[in-house]
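Shared chain: subunit A. Partners: subunit B in the first complex, subunit C in the second.
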Partner chain A sequence: MTEELVVTLSALETRFPDVVKKDERKGYEGFLVDTKNLVEVATVIRDELGYDYLSSVTGVDYLEEELLEVVYHFYRSTGGKSLVLSVQVPRKKAVVPSLYDLFISADFQEREAWDLYGIKFEGHPDLRRILMWEGFEGFPMRKDYQEAFFVEDQKPFANRWPEGKVFRSEDENQFGKNVQYPKGFDKPKKWDPEEEDLLYAGLQELGKKDSGDLATDHVVVNMGPQHPSTHGVFRMAVVLDGERIVALKPVMGYLHRNHEKIGERNTYLHNIPFTDRLDYLSSMVNNHGYVLAVEKLLGKKGAVPERAEYIRVIMSELTRVSNHLWAIGFLLNDLGAFFTPSLYAIEERELILDIFEATTGARMMNNYFRFGGVARDFPPGVLEKLNSIVFERLPRKVDELDVYLTDNEVVASRTKGVGVLSPEEAIAHGVGGPVLRASGVPYDVRRADPYSIYDRFDFDVAVRYHGDCYDRYIIRIDEIRQSLRILQQALKDIPEGPVLLKNPYNIRVPEGESYGRVEAPKGELGFYIVSDGTANPYRYHVRAPSFVNLTALEKMCVGQLVADAVVVLGSIDIVLGEVDR
Partner chain B sequence: MYGKGIFKGMWVTLKHFVATFTDDFRMIGRKYNKAEGIEYRMSKDVKGIFSIQYPEEKMPVPEEFRFIPFLLYDTNEDGTEQIRCTSCGICAKVCPPQCIWIEQTTNPDTGRPVPEPVEFFVDIDICMNCGYCAEYCPFDAIKMDHDYEMASFDRIDAHIFNKEKLLKPAEYYAEIRPLNWEREEIIRKEKAEKKKAAEAAKAARAAAKAEAAGAE
Partner chain C sequence: MNETLAFILEWVIKGAVLIAILLTGFAYTTYFERRFLARIQIRVGPNRAGPFGLLQPVADGIKLIFKEEVEPAEAYRFAFLLAPVMTMVPAVVIMAVIPWGDKVVMFGREIALAVTDLNVGVLYLLSIASISVYGIVLAGWSSNNKYAMMGGIRSTAQMISYELALGLSFVPPILLAGSLSMSEIIQGQQSSAWYIVYAPLAAIVCFIALLAEVNRAPFDMVEAEQELVAGYVTEYSGMKFALFFMGEYIKMAAVSAIFATMFLGGFDGPGVDTYAWLGPIYLFLKIFGLLGLMIWIRATLPRLRYDRLMAFGWKVLIPIALLNVFITAALIVGLGI
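Up next is the complex of A and B:
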């Protein structure tokens, strides 16, 4: 236990002698709190202890103990380690007070826990399903829920080997067996899910206005899910007063595949390639977060050789550069500069992808990190090419992009003062990454809670202070420059040596919980893992940065023109693979 | 001055535009449909457009590139084919989407498994090209391919590869991945020698035992 945590523990225990208890389970490091005191304790944590950033809220289903647990991860926005609180409720009557009033970042995450676990958050203003479709019956992340095409609880499946009779899931359609229907679903033609109505009712409530004598009306517009500006299948239901947005609700889940359920069926090793598919523009950072979380549990067994750490940093930073290039390019696309800026950015990204392909074997779905290192070393010739790109080409090209766009008056007039998010709001909404830093909060996980070997490098945390779309654009250029600085140092210092000591396929992870978080290009990416000592994770949760950043979308958009909503969304830089999981 | 930023930006686009043509003129006859030109367009020095005109031109794939696994067989000196796979099932176990099915051979007399697969299926619709099977195979029997052009009109039968379709000679592997092949061959030879030495030692021990028994 760190010193900081001891202080926190004593402070919490003196304040709440019987209410807050140290979590005594093996490998757990948080505190257990009573349901009825949760709000009170959270208020003290926020106002007196300074933990003002609620990073992650998630549920865990302990089927054997007949308990559902809600796990909260708090951080200080000035940096430092986490404070973990858990609340346990009986499975049959899962009601927990909502923290929405204290931390708005709980909004979507509580809705997700309700959607997937059926934990009711009392006091949440808009507790609807968020990832599953409206009218879905059951709570898919509960341990006793079985999906369609269910084969076995855990991989590897016995019917693959040694019997090995090939079959297709479609042929073995088990829909009849394990799909549950809502009550009164005998006449599907008439059936009408109520959640969609609730959405519009809520919107009308938000956008209520006093029209006076002249009869005017609000218009509800659904932007998406098939809309080019939403970067995928994402819907914004907006209420318009003329052209001005008076209320907005994001609707998501069109790409939902229940990544976490798949993750719990998988073994630890199986999960690495699946994490690639979360934020598919920055796969290797996803690998890094997951591998870190598991290595924390593995302890000494998960020690990483020096060269592998350097390769990890190099790969993560290259990913960040390529992701930001993409983000800048497509933000300009959203502004209407059709494809010239984005293609200039994509050209540079292409060179980075070539390096990925030569090293990891794939351009995007890299699957490169392993527990205790990386899969293989750089092949001959790749480091030379990498050096030439990082030292010669990219700095020049970033400057060119800067000259090309930053002073452009059209860009400035479309983005300056649009979608402003103040630092207090940014922290309360739990946004991370460039969005948070553009609002003037110098919070970067690489500095605030250093992981891997980031504490060895000399770099600045890029920060801008206006919190508008222009700052969110320009901070990405700043960050590319800082990433290049890290890359140049790493490439100079990279030592010789092995990159992976042992690579067993049947890894067993000691019992306990761990939360590994990294600074992904889009924000703070966290992996919450609970291990019960078997070959498969008991709980596998992804705290996806794009998903949580969207919490602030409504705040940024209300009062703006509808055309600016597109720019605001582009400046958050979301990837739907990660939002919907 | 208002508009200066726009002019600066237009200057950048103009430079890009001109560079495309100067590049073409400078490398006239060498840039398109030539290996040299394709390499140039993938290098850090390229100034003009990057586009490679697929399918007339193709990007060379690097050695580590991976797409859909295949099974290796060695050709013995007498011309028979020896499949390397022993149907141990490790590839099926590490496969994240579980797209590998293996049927073991059993000896009809003893009922015990024989180290050779009867059938080996890979559903390439499910395969996510992660490369685990190749990475964890202890016998170097399954490797990732370089052939990425496998679109077909038939979605069902053409996309479940059986043993016959998966088998490729070891020479093909040596050709697409020369460095890996070299590295693995050294280890394989060492292993084979060790095995031989162990067998010889065992035989010697048995002979010695028999001799000792005979002496008594």
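Up next is the complex of A and C:
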């Protein structure tokens, strides 16, 4: 336990004797809090101890102990290690007080825990399903929930290769065996999911506050799920007064595949290619976060050779550059520039993808990181190409983008002062990455809580102070420049040596919990893993940056015009693969 | 053959030729736009169908004809069917008053290279141009779709703001030529200089207002893809959609022709006095250049926001255009141009 945490613990224990206890389970580092004191403790943590950034809220189902646990990860927005709180409630009566009033970032994450675990958060103003569809029956992440084609709890499934022959479980297990229907579903004509009504009722309620003396009608417009500029199947239910937005609710889950349940069926190594599919524009950073979480649990067994650490940093930063190029290009598209800026940005991204292809074998779904290293070394010739890109071409091209776009009158008039998020609001909403830093909070996981070998490099944390869409655009240019600085240093210093000492195919991870977090291009990406010592993770949770950043969408959009909502969404830079998981 | 019949025949043939040129020319405007955009955007563009992709517009046309026509259940059918026609027809008939050249001698007759030469040609242009907005409004309203309706409302507001500036920007050429007839405006430019020299400000205002008139970027609020999906055409498919498309591109060519006539001397060019057939070629080149400019603008600029567009129209363009009318009038009186 770090010194910082000891101080925190003693502070908490003196304030709340018998209420806050050190988590004594093997491999756990947090504190157990009594349900009824949770809000009180959280208030103290926020106001007196300075843990003002609630990064992650998630549930864990301890079936054997008949307990559901809610795990909170708090951080200081000035940097430092985490403070982990856990609340345990009986499975039969899972009710936990909501932290919505203290940390708005709990909004979507509590809804997710309700959706997937059936943990009721008392005091949450809008506790509806978020990822599963409206009429879904049951709570899929509970350990006793079995999906329609259920075979076994954990992979590898014994029945897949009987005597070496291919076998598909769908052929044997007819659809319907495990499907649970909500009440009244056998009369589909009468059946009407109430969640959708709740959504519209909530919207009308929000819209009402705004109307003046003159009686005017509002229009409800569903932007999405099929809409050209929602960057995927994402829906914004918007109440409009003329063209002005008076209320907005994001609706998501159209791409939901229950990534976490799949992750708990898989073995640890199985999961790496699955993480590629979260934020498919920056798959290697996802790899990095996941591997980091598992390596923390592995301890010495997960030691990474020096060269592999450098390759990891190089790959992560290249990913960041390519992601930001993409984000800038498509933000300009959302502004109505007809593909020209985005195609110029994509041209540079293609060069980076060429390097990925040469090294990892894939352009997007890289599946490259392993526990204790990376899958393979750079093939011959790639480093030279990389050097020419990083030292010559990219700096020039970034300057070019900067010159063309930053001073453009139309871009400035469309984005300046639009979708403003103040620093306090940004922290309260738990947004991360460029969105947080554009609001004037210089918080970067690479600096605040260094992982891998980021503490060796000389770079600045890019920060801008207006919190509007213009700053969220320009900060991405700044970050590309900083990433290039890191890349240049890494390429100069990269040592020779092995990249992977031993590739453990079926790894057994010691018991315990761990939270691996990295600075993904879109914000703070966290992987919460609970291991019970078997070959499969007991709990596998992804704290997806796009998902949490969307919490602030409503705040940024209300009062703006329809055209601005599109720009705000573009400036958050979401990828539906990780929003919906 | 009696004179009246010959006159009617000549008129019908000229009209038919013009319509034929416009309807095929439209297809190749889309081809030109796609290839030129692609060049700007470091792409190749359509190059598979036929040599250099020249058959691409044909393939597109065939595809659109065979597409299923979907009609929304709650649409107001009459207006829904009327709307594409109302956008398409004005775009074609507006070209009637544009002179393509001076008189040429054919089949022993002296034939003017214009469908007609109205003595109030400019008024005709303005009035026909404003009709086509009804098509857009009707389309938006009748298709019972919120995006389409918002597109329709936007187009009404946009049209009101820009029609005024457009009308005012036509005044300096009218004053300079002393006539509302298109052919006399061209004669005026042949005898002095192109009016873009005398009234550059009016030319700029006119070009901006014309861009807004044809709903081209950066004024494509009406069908703003990122905001309104496709605006007023959201619910249209198949040939009805193609009609809107046609209307838009023909109008692009039409407004280019109008601008060329008002400010760039129309069919005027070196040697046109001796070889009258050079007239249409010069005009075509001017239209081609203006189309290229429009496409270039589309590839370069992001879209303005709706409220800023209104503010720009009312607070900047109209005062400038108005001021320009006074300046031109004062110069004409003072210098006796």
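Following the convention adopted for this analysis, the second predicted complex is superposed on the first by the 562 of 581 C-alpha atoms of A that agree within 3 Å, B and C clash if a C-alpha of one lies under 4 Å from a C-alpha of the other, contacts with A are read in each partner's own complex, and residues count from 1 in each chain.
Note that a contact is a pair of C-beta atoms (placed from the backbone, for glycine too) under 8 Å apart; a residue touches a chain by one contact, two chains touch by 3 or more.
Keep in mind that what you see is a predicted model, and the values were worked out from it rather than measured.
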Partner chain in contact with A:319 - subunit B first, subunit C second, else both or neither: neither
Subunit B versus subunit C as contact partner of A:439, first or second or both or neither: neither
Subunit B versus subunit C as contact partner of A:332, first or second or both or neither: second
Partner chain(s) touched by A:563 [first = subunit B, second = subunit C, both, neither]: second
Partner chain(s) touched by A:350 [first = subunit B, second = subunit C, both, neither]: first
Touching partner for A:243 - first (subunit B), second (subunit C), both, neither: second
More subunit A residues in contact [subunit B versus subunit C]: B
Partner chain in contact with A:229 - subunit B first, subunit C second, else both or neither: second
Partner chain(s) touched by A:546 [first = subunit B, second = subunit C, both, neither]: neither
Partner chain in contact with A:162 - subunit B first, subunit C second, else both or neither: first
On subunit A, the residue positions that both subunit B and subunit C contact, one per complex: 340, 344, 347, 408, 410-411
In the complex, subunit B residues that touch subunit A: 2-6, 8-9, 12-13, 16, 42-44, 50, 61-66, 87, 89-90, 92-96, 98, 100-104, 113, 117-121, 123, 128-132, 135-136, 144, 156, 160, 179
Parts of subunit A lying in touch with subunit C, wherever the complex brings them together: 219, 221, 227-229, 243, 332-340, 343-344, 347, 408, 410-411, 413-414, 561-564, 566
Residues of subunit C that touch subunit A when the two form their complex: 37, 40-43, 146-147, 150, 217-218, 220, 224-229, 298-308
Residue ranges of subunit A in contact with subunit B within the complex: 151, 155-157, 159-166, 168, 266, 269-274, 340, 344, 347, 350-351, 354, 357-362, 365, 367, 375-376, 379-380, 385, 388-389, 392-393, 400, 403-412, 503, 505-506
